[in-house]
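Chain IDs A, B, C and D follow the sequence of writing; residue 1 opens each chain.
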């Protein structure tokens, strides 16, 4: 018990600079695991509601409005329905694999979050091979999909699974190249240093695969990698942004689940709880790849405009934004409370919405407390950036038709892959430009 | 054109007009030849419809009717052949591809067989169905109860 | 970071690997075999982690479990399993196989126990590589200007793979 | 010229045989699509033979919605059968009614009075737009764009409101009677139609904005489901599908019925006969329909709305074939009268049924995803295919 208190105190000390996992602090690691996975589940539920609402408003309709005020309780109703539904295993299916496949997909999608850095100290652990681990584990989810498709013993799931595996394996290549270009950039510590310390005074300036290290590199270099070597960083970001949509099987690359062609793709035969696991996995995979993109290109937990608006005053202003945005949400809730129809039937709904607004407002107020403010700020900016990606996902879905399979492959292999290779070479050349220039001049002098 | 055909085939072709619509009654034996001529020489390149009518009291019970249209002449014509029950008629699939399903429907509804059709089977009704519903002796409430019982597992479809 | 319950995890992972390996060769259903193989490979990745080789572990997951096994499954699924399962799968060479395996195992044991060089390959005690620098060390070993020894071999290996890919395409496709 | 037998759809047996032969041959696969499938627009069953994802051939199995409309007709009087035709192509019920009424009028040798003709044209063209809107929404949905569906349904609602106000029904309208119209137009009919024209013009641009230049849409539709004009004629394909293949043929111009000859409009055509051209042709037809409605609504004459038709309709003995340009193609009625109050035989020449036959030719060598696109672009209604 005494040790436990020590643990807690040790982490609450503001001088702590390392993640609980890396510090070997099992208590805090456990707390973080629970926090991250609890938060993830809440995020998936929130995404469910948001996707339906945003998509509905894009399509001139209202979306869920019945369960709770503005359908706020709809995802919970859905979850209860799914859990109570009969869990059917087709007679001809391979029962064991059919049973284990969804768990495998969920496991892969969740394990990834072990290394996601929500802040310099807000991560379960900091791995030396962080990004490699993320790519590797998220590529395992394709195994689950393939197993699900095969075990269903039915044509549509099989074709869905085949498409899915081909698609994910193809886009991983382009994705990997884009990621590599960022890893090259991380070795450019400070200005004037060459790639991987070549031509530098300190030859040990290696790059890093650690997720936290990548963000710290951006902090040190004073630029988000999306703007580094303009437009090279931007191109890399776009390659990744396209590949990540394909990786997560979302529109316009949602061929494995193309409703009009393959009914529901690899999870056609699944129902109830097991189906909801696929749903959970899909959304958490979306969040996972978005957080990779945010970490690698958008400065992770760093606040926007670190250079233009620097100094302690601006720091303070930016640290107030989380609380203010929650208060804004609360204000929106109260505005809608005022707009609710004044009818006895709507009484409970109105009260519910008001309560929801009150909770949001309270959270906002708590965020103004300095101790909380400093610790939450990183997480807020990270979450805000990821939320931007989530909105993009929904927007894509509302706008684009679906690619055909061969076109999808063409985009992956004939467009993104060559672009990724060129990007890698150009990034390396830019990183070593002083070296190369010197060598070039030497050659010219020799002539 | 009609006169030309009449001159060529004599009594086998009987051209008629009703309400400004041309049609001709053609002897069954002349059917393949006349359709070929209409398609190749008279440019009736679009087979609008193939259908049949059942006259149970007549000796030759069925009228098989081709509705043809020519894009070049902007003209429609109907060709009618009279055949007896159980008699078959040459298929016009080699002339117009569209005849495939139309002939299958005629077979399905009237039981008229088309010789040389690539895939002569029922189209709208299920394969094992008994009876041809558009014949006049097929009652409006009649159905293949046996088929319904075996395939749908219910006593009756009504 | 101090390791927790090292022997327990070692035996757990090693046991998983061996059971997985046995399942790979005994399952009739090719998909089940592939899954057992994946389990083996993942357990092996975990073992690498225990050996303070996170980079190798990561590569093991991304390449073997995530890449090669997906392609394996891809191919297996395209073949009609129900009918393939009925076919006779094993050549009657298990006797030869056992003899060969026993001979190889015997060779390893002999070398390890009799010669001094064999023991040097497996040093006693725990290796003490810094976990946080593992990836960088591998990079240095491969590519560093001064100390890199394996760059040529590495590139040759990738060229070999390229040749293999081209060969496979030529053999599989009659008309390119 | 292509051999017609090679154009006509193959039989199921060829697919089954192929399935039997292909043990361990990783490529060939026979899959069944439907009859319950989200993209077959009803209860259409398609048996596909695939080489990987490439379609080697397919067969449609139809008849799941067969109701024996032609048999029912023989046991109803001419007037009683009128509502039944609405149930065939239920998204273009007004066109069906127009075709039927005109055919019986032809048999009776009467003509609807001019005022009735104008109202008929307005309603039929509105219905053509409603049908095309439904097509656009579902077609885009099949290709993966979900948003156009909601846009088109929002605007189709306005058309249905006009129908509802005119005749009380939205879908199966039974708007016309043999000899003219049952009801006089309601108060403010012209104004509402004009308001609708004004309302829908920018909406059509909105649909086009979403799709016409969308890269993915172009890639999914260009060069997909190509059918040449010659093949289309050989297969009896009509309507926008034929026009997209470059054949400038529209019954409204070629063999004018109602009073279409009084209106000024163009026949939009395509060149390539692919899915994109069919899309473009139908989008252009929206605008042409609006043009026709605009001219008609400005010039509705005063006068009676019913021709002199006896209470009990007993056409003289004879047979007649008459067809109109329905939204989906040539909709023909062949009616044989034996002089009694009931038709001796009514044959409906359904455009969807005949167009669907071309599916096999259009899909051969394409990918599975294209089959979906082609079914969508053919714009079939299973109620009409199966009758």
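Note that contacts are C-beta pairs under 8 Å (C-beta built on N, C-alpha and C of every residue); 3 or more make two chains touch, one makes a residue touch a chain.
These numbers were taken from a predicted model, which means no experiment stands behind them.
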item: If a chain touches chain C and chain D alike, it appears here; value: A
item: Best-connected chain pair, where connection means C-beta pairs in contact; value: B-D
item: Separation of chain A from chain C, taking each centre as the mean of its C-alpha atoms, in whole Å; value: 31
item: Cα-centroid distance, chain B relative to chain C, in whole angstrom; value: 70
item: Euclidean distance of C-alpha centroids - chain A vs chain B, Å; value: 64
item: Where chain A and chain D are represented by their mean Cα positions, the distance between them in whole Å; value: 46
item: Chain C residues counted as touching two or more neighbouring chains; value: 78
item: Overlap residues in chain A, where contacts from two or more other chains coincide; value: none
item: Chain A-facing residues of chain D, complex; value: 29, 31-32, 37-39, 53, 140-147, 149-151, 154, 210-211, 214, 216-217, 219-220, 367-370, 372
item: Interfacial residue positions of chain A with respect to chain C in the complex; value: 22-24, 26, 94, 97, 127-129, 132-133, 135-137, 139-140, 142-143, 146-147, 149-150, 158, 161-162, 165-166, 168-169, 172, 196, 198, 206, 208-209
item: Chain D contact footprint on chain A (complex, rising order); value: 55, 58-61, 155-156, 159, 251-252, 254-255, 258-261, 263, 397-407
item: Residue ranges of chain C in contact with chain A within the complex; value: 1-2, 4, 29, 31-32, 35, 38, 54-55, 57-59, 61-62, 65-67, 69-71, 73-74, 77-78, 131-136, 139-140, 145
item: Residue ranges of chain D touching chain B (in the complex, touch as defined); value: 3-5, 7-11, 62-63, 66, 68, 70-72, 74-75, 106-107, 109, 231, 233-237, 247, 249, 254-255, 318-321, 323, 330, 332, 334, 336, 344-345, 347, 349, 353-354, 356-357, 386-387
